[in-house]
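Listed next: structures, encoded as structure tokens.
One chain, chain A, links the two complexes that follow: it is found with chain B in the first and with chain C in the second.
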Partner chain A sequence: MIAALRSGVAGGRLSGLLLVALPVALLIWLVLWPVLQAIVGTVYFPGTGFSTASYAYFFTDAYSLRNLWLTLWVTALTSVLRVAVAMPIALYLRFRSGPVAALVQALALFPMFVPSVLVAYAFIRVLGPNGIVDTILVALHLPKLASPYLTPAGPIIGLVWDGLPLTLLLLLSGLGRVSIASVDAARDLGAGSFTLFTRIILPRIQSSIIVTLAFNVLGLFSAFTLPFLLGPASPEMMGPYMQRTFSDNADPLNATTQAVITFAFCAAFGLIYVRAIAKGRKAPA
Partner chain B sequence: MAQVRLSGIAKAFGKVTALDAMDLVIEDGELVCLLGPSGSGKSTLLRLIGGFETPSEGTIAIDGVDVTRLPPERRPTAMVFQSHALWSHMTVHGNIAFGLKLRRLPRAEIRERVERVLDLVGLSGYGARLPSQLSGGQQQRVALARSLVIEPKILLLDEPFASLDQHLRERLRDEVRDIQQRLGITAVFVTHGQDEALAISDRIVVLADGRMQQVGRPGEIYAEPKTAFVAGFIGAMNMLDGTLADGEIAAGGLKLPAEGSGPARLAIRPEDIALSEPEEGRMVTVRRMIDFGSHVVVDSTLADGTHLRVQTDKAVRVEAGERVGIRVERWTVFAEGEEPRRYRSDTVRSFRDVRYA
Partner chain C sequence: MNRREFLMASAAASLAASTRFAAAATKLDLYTSSDANISDFFSNVVKPAFEAANPGVELNVVIARPAAALDAVVQRALAALASKSDPQLDVIEQYEPMLPAGGIEAGLWTDFQKAGLANYGAVNKLAIQTAYGLPYRGSQVLIAYDSTKLPKDKAPKTFADLVAWIKANPGQFIYNRPDKGGSGGNFINRVVHEVSGRDPQKFKVDNFNQATADEVLAKAWAVLNDIAPSLYEKGAYTSGNSASLQLLAQGAVTMIPAWSDQVLQAIAKGVLPETTGLVQLTDLALCGGFSQAVVPTNAAHRAEALKFADFMLSEEMQTAVIEKLGGFPGVDWSTLPQALHDKYADVIPSSIPTFPSGEWTKAVQDGWYRNVAPNISRT
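Our next item is the complex of A and B:
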């Protein structure tokens, strides 16, 4: 009897291991192995031995550092903006219903179905030089505004729009754990919208916000299409920088070094993300 | 202190009419139960009084002041929700103190009032706990305390104990009644359980399909249901489809004196039927005897197979398959579009005009 139970437990463990074996194998093959290769390839050179020269170069090269800072800055600002824009929409969708809410939801999720390249060209047509906004301003004899196209603001606007749906969905799932009754109860006792948000809703979706931010940061740090099409040529974000170093400059060593550094940053954010999720699991709803 | 007056209230959600043609006055210090099946509009009515919904038609006045367009926080009401309404990130003390802090009361007073209300709901010493460290019943006590601490004139409760087990539910509803009487506040209690409504109300409002079926004291609603729905919904009732003709109603082989003509429904309470000597037209076949200890219910069938429940003395013993006679002592006839007619065997005359004493 006990032996049977034991073998049952062991069997459960075995099938559990088998279940995770495939994803783990894929992870090792497609992620960890290339990363390891990249790290080794940038510090060990057959014939000459170990050298961290390419890293020393990156962290002393003013241009590389400026690119890194720009990337961090765009990533941080875009993540925060995405949450700031998506939050009111999410609150509205969670606590209101009816035809207007359905329309808002459809509009907010729309960007999810538009490829980034189209977003970039639409952006250029609207906000770019001689775009729709410019044309209207000129027609009204108003002074032209400086176009955000090819400035850091360009990719930020594009990325905020592009990432809005996913951010909204993540926040909505967090807000799903805040019951309508608990909000009604606070209103009943006299809480205004601000108090309601800061004292009742925010404390309960903290971990969701961290998850949302970390998730956004992960995707943004290595974003390529929108920064490449809308961003300034110098400084540039890590994505376009890597691409240019690799193909235009035909410099795989430095491109790989940049990739490893980017990966290290993403891994750090990934850790925050995983921890926030674990914490969210533990916290009672 | 607080009287609630609803005049011509209607509420529609899109095409769904949740409430229609409601006129109701809830007197000061009264505990009124809104009783009805799920979807009958009980919560909607309560939320209208609390200010969480605005009526499509009609007005709501509290103590003569029109509050129809006022938001919840500007009404002298406080609502206790069915469940999941406590703030899990705050302690019990934090939950209860919330409303007082919003009113910017001094700290010492807040602490004192929270202590007092915790004592009132029997949770002294629980202030530092988190809601997740309490049982379901304790959580609802906290919700009650949170509403009471701001000293509302009108307490609104939306099936507050529906998710608790029967014993706890009974104890808590009695406590609510107790507290309501002690504080002398007006209370509106939503429930779909007739026992609950009968046990604690001063008056019961029976709702069905968004319409008020009857308003009355518990005993009155039980003894003199105004509609067939109320008759069938409150307490055990045998509801039989019958036909009126020649001063009689015939239903399922049973014939009883009654005026009128055409189709009608015959309502007889199990306790208004007694077992007696077999007699033509007054015979049933026993299917099963259910012994409740305090009394016995005989599940039987009439000549055409219609079920009839008979409640009798605990000393009575009958066998399945046995044919026994019955004597119906009181019955009510509901005919479409007419007032119900009530009869009793000793006089066999309509006594619909006799008010319930």
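Our next item is the complex of A and C:
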């Protein structure tokens, strides 16, 4: 879109607009319109007028707030863990090549092709009670693992693994902007690995990290399968909670209210993402 | 295959497809919201048998999970009844005929007593709750345990024994979240029965009352919170029927509540070992029930739907319910071969208490999430 507008020629502008017309129309029809419907549907009731009672209920209901709080901290912790785990792999892949690097890359990207239901069941077989890890520990005469299955740690471990490939790819594309020459120059001047990372690499990939975090937050906020299969019954993450409110309690009003609140948080992170992109565009490439 | 061969092959395939559509003039829409073992049974066992017996009729198995999705389909059928249009629904494999409210009064469901089914006389009289539902299979929640850790003669037979056993063996019992599969849900319902005088008749689909619910459920939460610290991981709850069976199979726990059909199927397939013990409480059994098929009176293919209902009561299908599904037959055991009767003598239930769906179930499920599930101490 930006490229087409930048061309400055009237014909190019028109064809650019035509090119984006379809996705924009889809966005309005499938995303913005339902969002608007949801917001209006939770505050305006034909016949009785405006009421924000369902929002007041959500923000005074300790149970709902606990679920929201759990979602926030699981999202924050998982996003940070994903970047922390993916960063060393990304650095390794950026500055090394050869068969070992290719193998590392293949292994790190593998979770992308595994559906999360399979991740959940594999997790139970490996890290669950009397799973493979326990079998190995017992064979070595070590105490059994305190299994993370059905604890808050369960979904976090599952989600970190599941989201590793996307995080890695985003960080790798950011690291592509760090020239090997500047790294070599800093090394020649006597910079250690830590200095190199904090003074040369980190400033160049700051916006990539923000983009990565924003992407992760958006995905994690609506995570359903892994929190549902691996996590505790309560507190629930917003995904399972919304589903349960909607279908088991047959309560579309409160379910929609939960969805709008979740959307508001995601929209805030979406804004951070858009700003990071815009900043990246302005900065000389 | 080159391009010409490909074109010829696809032309032949589309011709075959069009003639097939011409032959299968009637597509019977069967809805189910039951677990995968039931929908698999319909797709892999019932569908081929029914289509072979009724040429020209195609059975379309529509999976509408969770149950609330089916409620929306039923609401649509009720609306279609008022506007005299096609409900796009011919049979539901299992639905509470008392729902939706006012459905029976509006004439939504077919009265099976007057439908003239040849096999209706064979139906187990104990299983008939209403003429608007056709009980064609049953199952019940019972207690499954690992008999290598707990000898059969020590297995709990009453609710008090069960609670005592759970407390004496911390970490060895788990039940699943009530809305994610009935084995945990019916364990909780059994607690509700226990604190309200062991009389399942007190809870009916149309007698929900908030004051009674608050009083009875508060007592039930007290019992459940009392045993919570003795459960697996000091109060963890699995996410479904299969997740409980998996923990039992992995030897992580010794005892779980389980559906009779699922546990029998798991033993038959070797998912659970032969040493799995099954026991039912004798002071009041855990809940179960007969699945009631319903046929809307305004179904576009009502005649075929009734033929299908009759087919489900045939000896062939009732035997399949027992042997392929591990369920109880909907017809009287005496109408089935004696050999079958003898083989399954152990699981033939003497009573099957029920718990009503609708408001009561909603109150139990959401109340459990708010009052029992959060009380977990990991220290």
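Throughout what follows, the second predicted complex is superposed on the first by the 267 of 285 C-alpha atoms of A that agree within 3 Å, B and C clash if a C-alpha of one lies under 4 Å from a C-alpha of the other, contacts with A are read in each partner's own complex, and residues count from 1 in each chain.
Here is the rule we use: contacts are C-beta pairs under 8 Å (C-beta built on N, C-alpha and C of every residue); 3 or more make two chains touch, one makes a residue touch a chain.
Since this is a predicted model, take the numbers as computed values, not measurements.
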Please determine whether it is chain B or chain C that touches the greater number of chain A residues.
C
On the A-aligned overlay, A:249 touches which partner chain: chain B = first, chain C = second, or both, or neither?
second
With both complexes overlaid on chain A, does A:23 touch chain B (first), chain C (second), both or neither?
neither
Taking the superposition as given, does A:47 touch the first partner, chain B, the second, chain C, both, or neither?
neither
Based on the superposed arrangement, let me know which partner A:115 touches: chain B (first), chain C (second), both, or neither?
neither
Just checking: does A:143 make contact with chain B only, chain C only, both, or neither of them? Give me first, second, both or neither.
neither
Taking the touch rule as given, give the residues of chain B at its contact with chain A in the complex, in rising order.
50, 52, 71-73, 77-79, 81-89, 98-99, 102-103, 130, 132, 143, 146-147, 150
Interface with chain A, chain C side, in the complex: residues 66-69, 71, 177, 179, 232-233, 236-239, 243, 246-247, 250-252, 362, 365-366, 369-370, 373-374, 376, 378
Using the touch rule from the top, collect the residues of chain A that touch chain B in their complex.
179, 181-182, 184-191, 195, 199-200, 203-204, 284-285
Seen from chain A, its contact residues with chain C in the complex are 63, 66, 124, 128-131, 147, 150-151, 228-229, 232-236, 244, 246-250
